[in-house]
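Multiple structures follow.
Two complexes, one shared chain (chain A), two partners (chain B, chain C).
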Partner chain A sequence: MLLDIVVIVLRETLEASILIGVLLCVSRTSQLGFSWLWPALVFGAAGAFIYAINLAGISELFDYAGQEIINAGLQLAIYGLLAAIIGIQFSAPASGRLSLKVLMAVAVAIAVTREGSELFVFYSGFLQSGDSLLTATTSGFIGLAVGMSAGALVYYSLAGQKMPLLRTLYTIVLALVAGGMMLQATGLLIQADWLSAGHPVWDTNSLLPEASVPGQVVYAVFGYEATPSQQEVIVYLVSILLIVGVVAIMKVRADRSHPNAKV
Partner chain B sequence: MNTSRLLGLLLLLGAGNLQADKPVFTISIRDHLFYPAELEVPANQKIKLFIVNEDPTPEEFESYELNREKVIPGGSKTVIFVGPLKPGVYPFFGEFNMSTAQGKLIAR
Partner chain C sequence: MKSIRTYLVVVTLSVICLSNFIAALQGYQDSLDSAGQLVDEQILEKFDLLSVLISENIEVPEQLYNDNTLFQVWRGPLLERQSSNSPDTPFATPNGSFHIASYNGHRWRAFGKVLESGDTSLIVASKHNIYSALTEEILLKAIVPIVWVLPIVGLLVFLVISFGLGPIKRLATSLSHREANDFSALQRDGYPDELEPIVSALNSLFSRLAGAFDRERRFSADAAHELRTPLAALKVNLHNLSRELGDSHDLAVLKRTTERMEHCIEQLLEIHRTSIDPDNSNLQRCDLNKLAQQVIAEKYDAINARQQTIELAGEQALLWADASELCVLLRNLIDNAAKYTPKNGRIRITSGTRAGRASIRVEDSGPGIPAAEVPRVLDRFYRVGGDRHATSVPGSGLGLSIVSAIAQHYQGQIQFSRSAALGGLAIEVCFAPERNKAGR
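The block that comes next holds the complex of A and B.
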């Protein structure tokens, strides 16, 4: 049970933690400081709490598809925010510094709301059942600590890189995280029967089992799906291509406005 | 759940529901166990799982094989659409009580 709790908390923490790690890198290279992170975490935690205490009611919306629809909406929002953050990185220098902070803060707040609400619901079970809340909390802190370490690891391994490479690296990571959000959102809409789906188009469980530890990590971070449907594959590819398109357009525009500057 | 209640439930769900054509299967969660723990479902068509959490504590229905994951607050009901499935066995579990809450769908 103890290890189960560590794993549950770790899984819910990992995605937000790695997103934060990458965004802190973006923030550092744009010299924006880290001050935006704290309100984002506070709003995220508050959002998670509100979502969690209303979860039973939310679940019943849209013919019991409320959770799927709201979570898919939140993931779509994170995708849009990450695409905008990537776009600003490649736009003309010194533009959109304040908006970049706001975009990053909102993205983190939404990510924490979505993942945190499940943790609040999970812990509410211990309050009701009278099981050892202390053990659960201690195990939870271990999970949280491991999750946060993963974010720190991403931050420090990225932050050590020099600029043109660094921007390429975090853009790739952000694009993959964003694509994963869209993949998961598509899966949720299929689960809610708002989208139809056929049989999985392939099965990579023999290469990387989804239930394995590395499988869980890439699921949490990049939305890895061993048996995706055609719809999920298409949405994922289109989502990534859209971001590539945003980068291309921004680079062309920045080159035009600053013909001599190397952007 | 007896047959008449299940029928009533089906009628209730069917009313005004666009997804009424999909077969519905009910799974209950009681004392961190799934009832039934093994459920035979038709292969090659989307089905509707109606999950009733009779426990006061929350549970998370999860399955890697089915690509499904959904939190079910204590004392509440939910719907999860599954499939279409190829014939085979699809395990699922309750993530919040993994040691006991285990079940499987058998698609035929």
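The block that comes next holds the complex of A and C.
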């Protein structure tokens, strides 16, 4: 029970906290400060609450696949926002500072809404089941503390690097996180029967079991699937390639508009 | 990294959290594995005992099974014997290995095997989670204090790190409180080994700076002294020439140039005098208002000759300083105002105390200074408009540098603005509040 709750909370917290850690690095590099984070967290928490209390109604949408479809939509939105954030990083210097702030705040708010609503639903069900509250709160605290600690360590280990290595590192992490979002969205659409499941392309359960704690951690961060279908592999690769394409286009445009500027 | 303290506190707490909780979870997993092994061993023990009882056809005592344990004895397809809590269907395949089965809302660990008689099989099962609840309870009792103690650990980490960073803060405070002309070496005692190279490097830098400043000051002073003697001879010769040749335009220009050179040399010596003694022992309680009166009296004839009016306003403004240095400051401020104020112009001097800071303000009705030139007017030999300035009064570009040097010596600040009343330049010197106290 304890381990199960820790894994559930950790899975939800880790994804959001690593995303926040990397975005804080982007914000620091772009000298945008951290003020955008607090409204994003508040809106995210409010969104999670509203989403959770309306979950019953949402689930009935799209032939009772509403939750999967909406969650997939949120993951797709985060992917789009992260791709835009990466693009702005490689655009002409000093452009899009305000839009970068807004994009990061919206990405964090959506991530917190998505992960927070699942935690809210889980804890609501837990309280109604009458199981040990001490176990639930302690496990939740452990999951939260481990998730936040991982986020803090990601932030400081990235922030300690110098440009341009720092930008390369956080772009890679953001691209992998964004790819993970697309992978999760594809999984949800397969669950909702909007995409066909297909046969697994490989099975890495023997190397890294999906149900283990490390497996869940890698799932939360990069959308790890031990037995991905062909569609999932294609979507993951295409989503990463799209981001690489965005970076290339932005670099070319920035070089053209500011031939002497180093982007 | 914005703050070393925040970085150390957050990273240390994160590492403590991660290592503690990962260790606890690993311990939990190991405990669960051990509990599972214990359940397996108990099942095997019961299996051996029950197999003996069944072979001997002895009644199975009720103590051997309870809510957590059940058994079944199958002879072929017939259920020959069973515990009261057992189902009527085969619980597991009797193939000599362990199985997991779900029954009555619980997960069960079952072991079944054909007995030596060959036609009878025995299945024994125990609830899989009978020890996991106990394991969880033990682990919770171990983890909950860690969770509660984390804020205290955080506070202790913060205090320890703050204490550890104390020498850096002390070094920063010591540097920020230094006088601009204080190049004395930092004390090496009390700094940890890690800061020793920084303190050594700073002391070496101070030593080189002190030498450079001293050489620069002595060169200016020596050069000025050396120029005084030939200049005096030049003035005597000029005087003799003017007596022999009478007044001529060229001689007048030569005289003005000589006067300007003399002024420049005097100002250079003034700078030397004001900066030579950082630990001035002639400190006394001075009133800027009274000192301004004295300087105005000295300068009155020259100002009057230019048909300018000068007025002194304000109130008593007291500070501890060397009166002669304040007079030099006031003289240069008034000279500067008079120089750049046209004939029939006005000069106003206002003294006062604001928020505990003695201040003196000199305003004029001259053209003022363009905003772009303000940052440079305190540089030595810098003159607004260069040598093409409109005034005919000799100037060296050193006056405001002298004002700046004296103001810095007394932790004063100089502000330039446009005079609202007279329309020209307004220069205000505000001295540090500490200068109001005795013994500073």
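The rule is short, and it goes like this: the second predicted complex is superposed on the first by the 251 of 263 C-alpha atoms of A that agree within 3 Å, B and C clash if a C-alpha of one lies under 4 Å from a C-alpha of the other, contacts with A are read in each partner's own complex, and residues count from 1 in each chain.
Simple rule for what comes next: a residue touches a chain if its C-beta (ideal position, glycine included) is under 8 Å from a C-beta of that chain, and two chains touch if they have at least 3 such contacts.
Predicted model, so just to flag it, every value in this text is computed and none were measured.
**Student:** Examine A:V221 and indicate which partner it touches, taking first as chain B and second as chain C; both and neither are also allowed.
**Tutor:** In the superposition, A:V221 contacts neither chain B nor chain C.
**Student:** After lining up the shared chain so the two structures overlap, which partner does A:Q67 touch, if you call chain B first and chain C second: first, second, both or neither?
**Tutor:** First partner only.
**Student:** Touch test for A:I110: chain B only (first), chain C only (second), both, or neither?
**Tutor:** In the superposed model, A:I110 contacts neither chain B nor chain C.
**Student:** Which of the two partners, first being chain B and second being chain C, lies in contact with A:L174: first, second, both, or neither?
**Tutor:** Neither chain B nor chain C is touched by A:L174.
**Student:** Look at A:I18 in the shared chain and tell me whether it touches chain B only, chain C only, both, or neither; answer first, second, both or neither.
**Tutor:** neither
**Student:** A:D193 in the overlay: touching chain B, chain C, both, or neither? Say first, second, both or neither.
**Tutor:** First partner only, chain B.
**Student:** Residues of chain A touched by chain B versus by chain C: which partner has the larger set?
**Tutor:** Partner with more touched residues of chain A: B.
**Student:** When the two structures are overlaid on chain A, which partner does A:G160 contact: first (chain B), second (chain C), both, or neither?
**Tutor:** second
**Student:** So, does A:E210 touch the first partner chain B, the second partner chain C, both, or neither?
**Tutor:** A:E210: touches chain B, not chain C.
**Student:** On chain A, what residues does chain B touch that chain C touches as well?
**Tutor:** 1
**Student:** Okay, in this complex, where on chain A does chain B touch?
**Tutor:** Against chain B, the touching part of chain A is residues 1, 4, 8, 55-56, 59-60, 63-65, 67-68, 118, 121-122, 124-125, 128-129, 187, 190-193, 196-199, 210-211, 225-227.
**Student:** Using the touch definition from the top, list the residues of chain A that touch chain C in their complex.
**Tutor:** Interface residues on chain A, with respect to chain C: 1-3, 6, 134-135, 138, 141-142, 145-146, 148-150, 152-153, 156, 159-160, 213.
**Student:** In their shared complex, at which residues does chain B touch chain A?
**Tutor:** Residues 17, 19, 22, 46, 48, 56-58, 60, 64-65, 67-68, 70-81, 84, 86, 95-96, 98-99.
**Student:** State the interface residues of chain C toward chain A in the complex, per the touch definition above.
**Tutor:** Per the stated touch rule, the residues are 1, 7, 10-11, 13-15, 17-18, 21-22, 24-25, 28-29, 32, 132, 136, 139-140, 143-144, 147, 150.
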